[in-house]
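A, B, C, D, E and F are the chain letters, set down in written order, and residue numbers restart from 1 in every chain.
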Amino acid sequence: MIETVIRKRIEILADTALVRRVTSAIDRAGITGWTVTPVQSGKGREGHWREERVMGTDKVFVLTIAPQEKAMALAEDLAPILSSHGLLLTMWDIEVIRGERF
Amino acid sequence: MIETVIRKRIEILADTALVRRVTSAIDRAGITGWTVTPVQSGKGREGHWREERVMGTDKVFVLTIAPQEKAMALAEDLAPILSSHGLLLTMWDIEVIRGERF
Amino acid sequence: MIETVIRKRIEILADTALVRRVTSAIDRAGITGWTVTPVQSGKGREGHWREERVMGTDKVFVLTIAPQEKAMALAEDLAPILSSHGLLLTMWDIEVIRGERF
Amino acid sequence: MDAATLQTFTSPVILFFVLGMLAAFARSELAVPEALAKGMSLYLMAAIGLKGGVAVSKSGVDTTVALALLAGIGASFLMPLIAFAVLRGFGKLDQLNAGAVAAHYGSVSVVTFVTAVEIYEIRGTPPGGFMVAVMAAMETPAILTGLLLARRAIAKDEGAAKRPAGELLHEVFFNASVVLLLGAFAIGVIGGASGFADVAPFFEAGFKGVLCLFLLDMGLIAARRLMDARAMTLRLAVIAIALPLLNGALGTLLGTGIGLDIGSTAALGVLCASASYIAVPAAMRLALPQADPGIYLTMSLSVTFPFNILINIGLIGALANNLASG
Amino acid sequence: MDAATLQTFTSPVILFFVLGMLAAFARSELAVPEALAKGMSLYLMAAIGLKGGVAVSKSGVDTTVALALLAGIGASFLMPLIAFAVLRGFGKLDQLNAGAVAAHYGSVSVVTFVTAVEIYEIRGTPPGGFMVAVMAAMETPAILTGLLLARRAIAKDEGAAKRPAGELLHEVFFNASVVLLLGAFAIGVIGGASGFADVAPFFEAGFKGVLCLFLLDMGLIAARRLMDARAMTLRLAVIAIALPLLNGALGTLLGTGIGLDIGSTAALGVLCASASYIAVPAAMRLALPQADPGIYLTMSLSVTFPFNILINIGLIGALANNLASG
Amino acid sequence: MDAATLQTFTSPVILFFVLGMLAAFARSELAVPEALAKGMSLYLMAAIGLKGGVAVSKSGVDTTVALALLAGIGASFLMPLIAFAVLRGFGKLDQLNAGAVAAHYGSVSVVTFVTAVEIYEIRGTPPGGFMVAVMAAMETPAILTGLLLARRAIAKDEGAAKRPAGELLHEVFFNASVVLLLGAFAIGVIGGASGFADVAPFFEAGFKGVLCLFLLDMGLIAARRLMDARAMTLRLAVIAIALPLLNGALGTLLGTGIGLDIGSTAALGVLCASASYIAVPAAMRLALPQADPGIYLTMSLSVTFPFNILINIGLIGALANNLASG
């Protein structure tokens, strides 16, 4: 049977304009990679948004897989700007197969 | 070290035409927000679908983060129409940083 | 109160060209369905990619929900080609409501 | 095959549709991005609306136009009844799905209409501009009839009981295609020929080319859906060809009866013969989520649509000609 | 209402914008795919840039052009000061949001400009091609002023302190719309009329039609945002109408003062009156993420933009006419 | 630089490509939505296919056409051998990646061909319409050769052993671009000039404008990929310039040898010189997922493509001229 190891999966919802700031934080934390997926619309305390691509104020998800300590370092690094930059960060444990890659 | 709290993440796969029904259920459950992400294609018991945007029968994911009891209230609310409306609902525990927001 | 059961959620990041190979593996494992969601860009050990849709070298997420043993069968089946085909596979436990469907 | 029919089959518009179907049957991965396909369908609706409006701003409105509108609306309300009976009886469908399918056959397909206009123009019998308004008016009545027919099946379902009736009626009347078609039609009427001149290079000169690419995509989608079809039966396939033949003939008789010109008569026939696959499926996902898109989309999009494009438009045109000269 | 104004309201370009707003207010689900809308905005910028460049390649550059450029740049730097004062005082906004909004009003809206050019051309007073360069030059100075005005509020925030200043300046100067507008302008100058001839069917003949569909979408988006607005107050709405009136008048006076022709004068007025909703919002998300898009986008896109399109372009044109003949 | 070359550099088509590269090098965020870029590539293929087919429907097929087809197919089969030897030897690539890259250089780039046609038409030596069929025929043979060359490396890999050979051959022959090019070509032949007339405003008048925007995007993508390149070495960069020079010269000699006219000779040279970055990369992801796109895409798209567009098309045109007059 194949062996799996536990890693953290972090997903960060961010404004398209702020993606580079998030990915540089990921790079700084020494994490091997990240993946960006599109988002269509949403609602939060600051109201409803959709169809904002023309205005450049749309959002994306940045997701990254990392070992526990690097994940916490990333969360630590982003924590001070979560509120001010309207980022939404969630994380949970996942199983991966080729653990050495992450 | 930053503090994290446990919340539920609920993801609901729904027909685009039914999104409003799902988001009103989220609002009714008193949850602070939701995010809609696109879906390209899929296969289930009712067969394979793709490229249905022109016909308006495509699907999206609606995801929402909520405390345990609100999440269960939402699941409770949607349960009766899950089968009839072809919704797919999954949920799991996640860690978030600014717990008071959800 | 509604009853939930535990299932595995598997997400596989794959080149668009390789999606059929992944979904046939899912079918072979006897899993009832899958859903494909779009991906915009990413960075890994093999560098940064984005805007590759014209070249047909872009990626998507294939996600599928299955009982534990079928999920492991799928992971087992895909394990040998994960590295060679550049697939990224993560899985975790989730709760679903209509357990008999998966 | 006469010269006119042959001409149809050398028209790029039709050939791109055939190319799409062949590519899908050969399991090629050729695909048009969905955002673009959706955009092309909006373009086609805006363009056809504008052109119809400009035509009416020139010709004005008379009794014939009013009659055509009434005939179209009436047909849209009533055709689902025929379809429902056939689907329940010969088709062996349950009430819910029969109601959903019937709504599609009572409503219309904009692209079938647009293709028919192209073909009838080539043949020298262009339909009147007001037929665009008739088309827009025929989109929604059938939805109401279809829902009424399916109503008992809905009543049984508790979950759906939560659905506010207002939401549905709203969807029916402010449906995206109805709003765009009628809106563009109104803009055409207000702006008239002089307002249209400025935007003609975009909406008129580009029209047939966009239609080519759109039909390429619809050919791909229709054929792929046919290959994936599970819920389709031979009986349903027969109905998906019989209904457009029947409704097309009835519509053509109706058009001749109320005194429309040949082109407009044939266009009314095509509207009756066509089955919706844009406005109605989305409405059904909302109103009858329990109905199976594997049935109604496959019938309307994968069987009736190609049949109308490739064969029935020609038959209806010939019938309209014969009725006029007979 | 004089004949020219009436003509404006029978122009499909304006009517599609109105259609979009009405459809949104009626809560129709009509929507243009975002990829397509973004593509149309790129097309419009490339086309207007090219056309301006070709015009300048014919007319050459003289003192008037240089003066217009200077006037535009100066106005873009200074207008945010007026806006800021009004927003802080009458509008009761905090420093951060007042700075962000002020940047929008100092900058320009490409689509408002493009629509004004269409309307002034119909009226026989086409603006000079060099006004496109003036527009591109006016996009960014206001961003710098706006950021300076909001600076103390930023200084308080630790997280943002991480933001490298270089990244921001870079965003300001290599902003996608600035690069595309100026790049296409340069291509127009280099290629001249003969180079343009080949691509004219695409960039010129299709222009007004694309503008129609784009304005349909902007009408939908502007109206939907207005209905969802939470952070908007009546005072802010008043400012969103008063500023374009004031800035438009100042710009028109400025244009007359430096001796521009009627069309270019009015175009300068429209540039001053318009508020950015493409280049600046994206820059603000980067530079001032704490500022609320619910305020700046709703003001510029949902109030000022429709006001300019439907009313103010006409008023500014009339003012330019009067100043010239007076 | 002679007048003709200068004219190339004042052509908007080339200038938009340069603009894209400059914008990417300046790290501007300018980007064309992917759905739109994909749509433009489909449009370009449909349009070039149609035009070629219409041209052949006029000129008919003769021995020259058959010879050109054979020459193209032979070149596509054999050129990967040269490329493979150079990549293994001078380039120091392993077998797997050398095979993958070789497939790209044996195949063709549709957009390079299309740009060359535009340029040669300006210079008064338009290639024959049948060259479109030659292009379509050259897309896939190289894929087979490339896979054979990489075969031992594949054999070693267990996982890939699961790949059904049929799936691959199917991908090679029903590849989306091959199907669209040949399908549109066939539609052009069947419909002829009269069928084409209707859709000409869309597929002909808009062509160069779309090519501008598409090349803007390819300039952005090619330059961004170059800046991110990790796996690229100086040796590989040298090869990515040497191969198009060599293959281009060989192809031009071949064209002269079999008696093609100047324009078609040059077009054959350009086809040989060009490296695929649309059909082949997708096929390689399927057939050789272990090969590194960081090598083959960067070489073909970021080095060879710009080199061909900006320099080599001109050189090949001059060579064809000289061979003809010499």
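Descriptive notes on the structure:
Definition applied: a residue touches a chain if its C-beta (ideal position, glycine included) is under 8 Å from a C-beta of that chain, and two chains touch if they have at least 3 such contacts.
As the structure is a computational prediction, the values presented were derived from the model and not from experiment.
With steps allowed only between chains in touch, the distance from chain D over to chain F comes to 1. Shared numbers divided by all numbers used gives the overlap of an interface; between chain A and chain B this overlap falls below half, so the copies present different residues.
Between chain C and chain E the centroid-to-centroid distance comes to 45 Å (mean Cα coordinates, whole Å).
Separating the centre of chain B from that of chain D, both taken as means of CA atoms, is a distance of 34 Å.
With centres taken as mean Cα positions, chain C sits 19 Å from chain B. Across the assembly, chain A contributes residues 37-38, 50, 53, 92 that each touch 2 or more other chains. Shared interface positions of chain F, defined as residues touching 2 or more other chains, are 31, 33-36, 38, 176, 201, 205-206. Residues 13, 37-45, 50, 59, 61, 72, 75-76, 79, 82-83, 88-92 of chain C touch chain A in their complex. Residues 1-2, 4, 7, 9, 23, 32-38, 60, 65, 92-98, 101 of chain A are the ones that touch chain C when the two sit in their complex.
Looking at the complex, you find that chain A touches chain E at residues 15-18, 20-21, 46-58, 80-81, 84-86. Of all the residues in chain E, the ones that touch chain A in their complex are 31, 34-35, 37-38, 41, 157-160, 162-163, 167, 176, 217-218, 220-221, 224, 228-231, 277-279, 281-283, 285-286, 289-290, 292-294, 297, 301.
Interface of chain D with chain E (complex): residues 33-36, 38-39, 42-43, 46, 50, 170-171, 174-176, 179-180, 183-184, 186-187, 190-192, 195-196, 198-199, 201-203, 205-206.
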